[in-house]
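Once you scroll down, you'll see the structures, which are given as structure tokens.
Here chain A shows up in two complexes: once beside chain B, once beside chain C.
Our next item is the complex of A and B:
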């Protein structure tokens, strides 16, 4: 930005402000003439205009002409939700000289016009504040240009189980070269599914994979590092003693869950007590077994109380039937807690009936009273009769839960995939975009994610291969999100940013000198801003949500002249995917909001910078409300959890410095929580006005009650 | 009182993890508890039927503050000599660790030292541990600093009070050398036993050390190497590779940058890359191939170097790329900026409750963030206004 010769201040870019009347919805509540007058006094504003519907075709055309005629460098539209219309207006100015990134929409409809209808003066004040905030942001805003990347037509499949093999075959049949890497030297499909033909199917698939010219099968291989971005990854794979490099367009993670082994903590006699897997191997071996009293215990492991493995009930039932068929004289008992007997395509109910007809005894036990395995007998409390039952056994088969494969955690760090509480790879956005991960070139399916039976596994495999194929079939990909930029002159190579990046877009590289340098992959960056917050030297910029724009906006938002004397001042940093949406919902429903709240749209709660929060307090905020997505709903994976952690630390520090930590409040919202956001703000205001226990004097000054 | 360490070092994630405060604590209430910094143990006393929490810290003479390297920002000690060196014994090598071994084993042979405190890798678990080496054999056997973090001074008390060592060399990272420097500068007479015992501090060039979890994550999980297969683990002399030598004498390598995300948080602000407080600093930066740069910064450093040369364990040459060293030293500014931001955080918090500091905090924020300010928007409280 050039500097003005006379004042020495940065030259203000030529700004145009368009006011939307929204057909009376805004114009009827806010005195737009006054607002226009106030706006034209803002620095840099050279053009203002009122319009009934700027979003109409005519309105867009007029906007386009205004940009060209007046040579505007920045445009601000004061209207409704930026989430709704920002894209529209940006595409309207696409053909002009104005970079679409320099167009912003300030929401005066949901935030000012709709909820504050009854007091015109306050409504005008608030609207003027909102316009001024957006104008402050525009001055320093930098446009984020879209990035394009080529898509390499090949895929890498991690995991050689039934799912991995199926995905590889499906992709290879469509002409995509596939590399399949498997950790084990031999294929290790669980034996216990012998009955439903899964093992045979897997072996057939394996043979097909080995003979397929388009598939490269790598055994004893381990993923060591992944570089690159969607459409063009470079994967380093350790193959025995050497490391090879694979170029690929998409990565499919299909590693299989494994049955938890019977740990050393169990004292059992292992000749008589087996896991399902071991027992299946025994049955498979075909040797005559001496079986008199066989007991199957389903959900044998405590942790199954937490997640259902979904295959073991069916397997237990099949094995019970098989034992009864082979040894009709044996007493077969099944102890179960719940029976999960559904599957895609067929139900195992028939097997249940068959088992009953063959004379298998069933007992149900309760969650609180699991079976107790004794030396010769098993004791349970029958849930139906509430009587204790003692069952003799000479063979007990425990169904062990499926747990994530050993390399799941490593894959999660390498590919930047979040883990759920059981250690499986979790879908970060189950509600918003199921099946998709932060990084569009990475696909996860099957037991890497959740245990599943074979029918479901195949279903997942074909679904994923179709998705992957669709991704690989495009020539280029286009990414529009803001992208973090690293100032190489400031970067200290501390290694903070790669640790917190949700998509693994940041890597450290060697450069001349002694310190490493962080680099951002532009196609991978989703623009959450987490790295900007953790950077100890603030060497990272995030155009659109920058370290210059946000503090500037905060100062303007908390400007004393926009508040009534003695009014309390609340700043709300609102994640645009949740809290900001909730504010708009509240506006739609005309739920009144406290006048004293100023809402700042942020891209993600990961971008809530402790420095900005302190800056807000220094600028006179009496309270700062942070609105984030509910845990598990973050658009960028775990931004809200990072925010929570930072708030906890900040609370501690505030308390240590004698400031009431209640002045900083973090709340979780969904988009529809309009009433909640209004209630929270009202409660927050109430809390602040009724006294905070601060030592010393907060910047807000005299109107606070000071309690020691 | 440990309060100052808590607010200015631990809470800001500045702790270097050297362990000097733990060693020096007169009440022995500092210890390690799985955190990346020491923690204060709380002690209780039973008086009749009531239990009282003892505040052991209150009446202390602040031993921890007096030795903490992070509470002081030192100017570098001027280098007396900078030379390129190679070890000629116990092994022929130019790697920094072998050079250090040559220097201290020469010192031990000549009777200048009776013990060395340095880091080693526990052979079974591959975890870094602090060790006292008393003989030349032990010195040669010890792996030396491998950029894996362990509190080095955990064994200091054992060396000084149990082994009654009078002449100790401390081999570590620049922060441990800073701790020694801080210790030496202290006027507290009760720290005298340590001051007298530590004769030499040696530092390797360092930009950060890794948390030991790195081994499990990178070695075991990514490379698929079991711990018991590993014979030796080293960072390559040029610091580009993590080298693992297995018992079948094959070598596996992984790029060091991949391990970088395991860097200790406290290393991010340290701007001493070249051991600027150490008597002797050694590293491969600026040295020709198969050699190390040796910077001697004090008389003690010069004596030990001369001794090693005289015993034929070290050969020196003047061919050092001084520009590379100067360039590295100039990268300090960036880390200093990190410190400025940490100071800003404290300043801002202070400014919230103390009107006198408020305008300073605002000015500093604007300066560091280059926030655009509308004229007259911020200067509401002129400098010096107490806001009364």
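Our next item is the complex of A and C:
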């Protein structure tokens, strides 16, 4: 930005504003002539133009010509939803001198023309406010340039069970070099499922892996650290006494779940009470056993009531049949709560029939009354007859739940994958921004995620290998989201930002002197802005959603001249994935909304900075509404929960400083909640106008200690 | 440039434009439902039918959104034939989606007063395909598609399960002209609900106390500089 010679102030960039009439849909409701006149007076605006359909091919052509003829540096299109047409206009100016990032679409159709069409003056005021906000953003914001990353054509598979081996083989067969890490504590022979051919299959796969030239098998290895970003990771692997470094494009986590051992709570005779694993080994050993009364207890652990391990019923059934075949005289009883038989086809059903035909007795027990194991007998209440039953036993086999492998927690920390309440790896972050199709090169499958039987395991393995292959097959990754930039001169190395980053994109690095320095991995950063909020010295910038353009927009939005005298002023900070979408949905369906609300589009609720909220109050806002995604639906992980925490703290602080905390309100929306957002805004307006004495008040020069 | 006649008005358009684009450019309004400027034309709703006058042949109805402009074409957008066709389409739409304000308004604009068809059940989705195409062309993920055929046709994610390809951007909801689109059916968010336990583990740790004075931030570089100078002076 050059400086003006006379005033010394920076020259405003040459801005063009295009007004869309939308074939009368906007033009019929808003006095566009007046709006154009007002817009031409905005700083930097050198060109305004009004037309019926700027989005038509001819309209795009005219836009391109205007940019070139008038040498425009910024373009604002006042039309409909940016979500739908921004990409279109940006591609239209692709070939010109204008950086497509400096083209913005302001939505005057869904926010002004459609919902407030009946009051021309208010509609015009609101539309003018929207245009001015967008212009303020255009002038102050910096466009984010897309980043490109190369994809390294190799994969790292963690876990040497059936799944890991299958994934490794499938990838290696397609020409991808694979390193396979088999963790120390991993149970290579997947336990008790000896009957269904799984062990044989796993052994065959293992032999194939060992002989495959494209697979490097690292036995008894441990993943120590992972650096880098999708497409180019560096993994440090501990191998015996040494640590080696592996360069890889994608990481597949496929470690197997293990059966929980019998805890110390089971004090009784361990020669007669076994887990399914132990009993399988016993049967395997081939020695003649003395078995007279065998009782299988399925769902022996209380946690299995909520979290089914999905294989133990089938295994119990197989073992029951096996016992009956080997020892026809033994009394075999199966105590179950629910039978879950998930096998492919009807094979497990057939097994159930076979067990019945062989004379296995089944008792169903209720959730409230689990079997009580005594010294020589087991007591249950039969659910069918409601009669107590006492069963003698000389072998009781308990099915224990599958629990995550021991290294799951470590992997969760290393790879930044959340754990669910049972300790399995939860769904990896599937919600990225559109435009940035960089799926993180981390894939999780199988028992790392949830227990599954062999058939499911193989299905998952092939699915995952196909996905991984597709990811690795692209030449470059393109990421278009905004990216955080850290000012090394300001960073104090406090360590706040790495803690809140949803994608582990921020790391602390050493630098000379006592302070360490945060650095951002540009390809991992999804641009949520959480780090910007928690940075105590405001050393982090997020172009597009920075501490410059957002306060500038807030000041413009709350400008006195854009409101009727005495009208209440509401500023809504709206996450573009939820509340902003909901506002547009409401407008689209012409649901009336209070015209005193100004909607500020934000990237994520994690970016709702207390600083901005206070700035809004300082600028005379009567109420600030924060619109976030519903809990669990945040695109950036947990931005909405951070927002909730911050609002709770801020409420207390506001109350302490004599400001009615009700003036700050956080609501959760989904995109389709058009009616809800209209109702919330109306209710908020009503509340402010009728119930708050201190509206518009903000003690001057307040210096607040705000806990973020 | 191609010259053609639309509604007795002779106009010139660059090659490659469709009739609808030419009409809009010259202020001739044609009702549309499945058309969106940011998407490839689809020709699905048949509301934009216009009449082509071909000498020596009976008139022909074409969909303006997909029919390209041709040299010497004579087009009537408001002929009796075209209007009758649109009215019929609107009537059928209304029969299927009775009570949807957008469709009722559209039908009223086209002069449909009575609906002669009775359907056992009505559906707010009119199968315009905007959501499916927006998902493919604007967002680029193709999480939803039109499934089944005939009366059973509907918009759904593959196998009618919440799609893992869906990024939950909401473009489909935004573009839906009738408000039929239910987001949860497609997106089916499967992120874990974060818990207090997660908070303790530091998933969303809040930072310490900071001073929010704006001047504090501005002071810091100066402060650092001063410290640096002091250090140099000492050194």
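As a convention for this text, the second predicted complex is superposed on the first by the 653 of 708 C-alpha atoms of A that agree within 3 Å, B and C clash if a C-alpha of one lies under 4 Å from a C-alpha of the other, contacts with A are read in each partner's own complex, and residues count from 1 in each chain.
Here is the rule we use: a contact is a pair of C-beta atoms (placed from the backbone, for glycine too) under 8 Å apart; a residue touches a chain by one contact, two chains touch by 3 or more.
These numbers come from a predicted model, not from an experiment.
Once the two complexes are laid over each other on the shared chain, residue contacts for A:490 go to chain B and to chain C alike. Looking at the shared chain after the overlay, A:552 reaches chain B, while chain C stays out of its contact range. When the shared chain is aligned, chain B and chain C each come close enough to touch A:610.
Of the two partner chains, both chain B and chain C are touched by A:499.
Using the contact criterion defined above for the overlaid structures, shared-chain residue A:538 touches chain B and also reaches chain C. Legend: residue contacts after superposition of the two complexes on their common chain; A:36 is shown touching neither chain B nor chain C. In the superposition on chain A, A:99 makes contact with neither chain B nor chain C.
Of the two partner chains, neither chain B nor chain C is touched by A:394. Note: residues 489-490, 494, 496, 499, 536-538, 610-611, 614, 649 of chain A belong to the chain B contact set and to the chain C contact set alike, using the contact criterion stated above. Across the interface of their complex, chain B is touched by residues 7, 9-10, 43, 139-140, 183, 222-225, 238, 241, 406-407, 409-410, 413-414, 489-496, 498-499, 507-510, 512-516, 536-539, 547-548, 551-552, 555-556, 559-560, 610-611, 614-615, 617-618, 649, 652-654, 656-659, 694-699, 701 of chain A.
Interface residues of chain A facing chain C in the complex, by the touch rule stated above, are 23-24, 52-53, 55-58, 61, 81, 83-85, 87-88, 418, 420-421, 426-427, 429-435, 437, 489-490, 494, 496, 499-500, 534, 536-538, 577-578, 581, 584-585, 588-590, 610-611, 614, 631-635, 637-638, 641-642, 645-646, 649, 670-672, 674, 703-708. Taken together, the chain C residues at the contact with chain A in this complex read 13-14, 16-17, 21, 24-25, 27, 29, 36-38, 101-102, 134, 138-141, 164, 167-171, 173-175, 179, 181-184, 187, 189-195, 197-199, 202-213, 217, 220-221, 224. The residues of chain B lying in touch with chain A in their complex are 7, 11, 205, 207-208, 217, 221-224, 240, 250, 252, 254-255, 257-258, 260-263, 265, 267-269, 273, 285, 327-328, 331, 334-335, 337-338, 341-342, 344-345, 348-355, 358, 361-362, 365, 368-375, 377-378, 380, 387.
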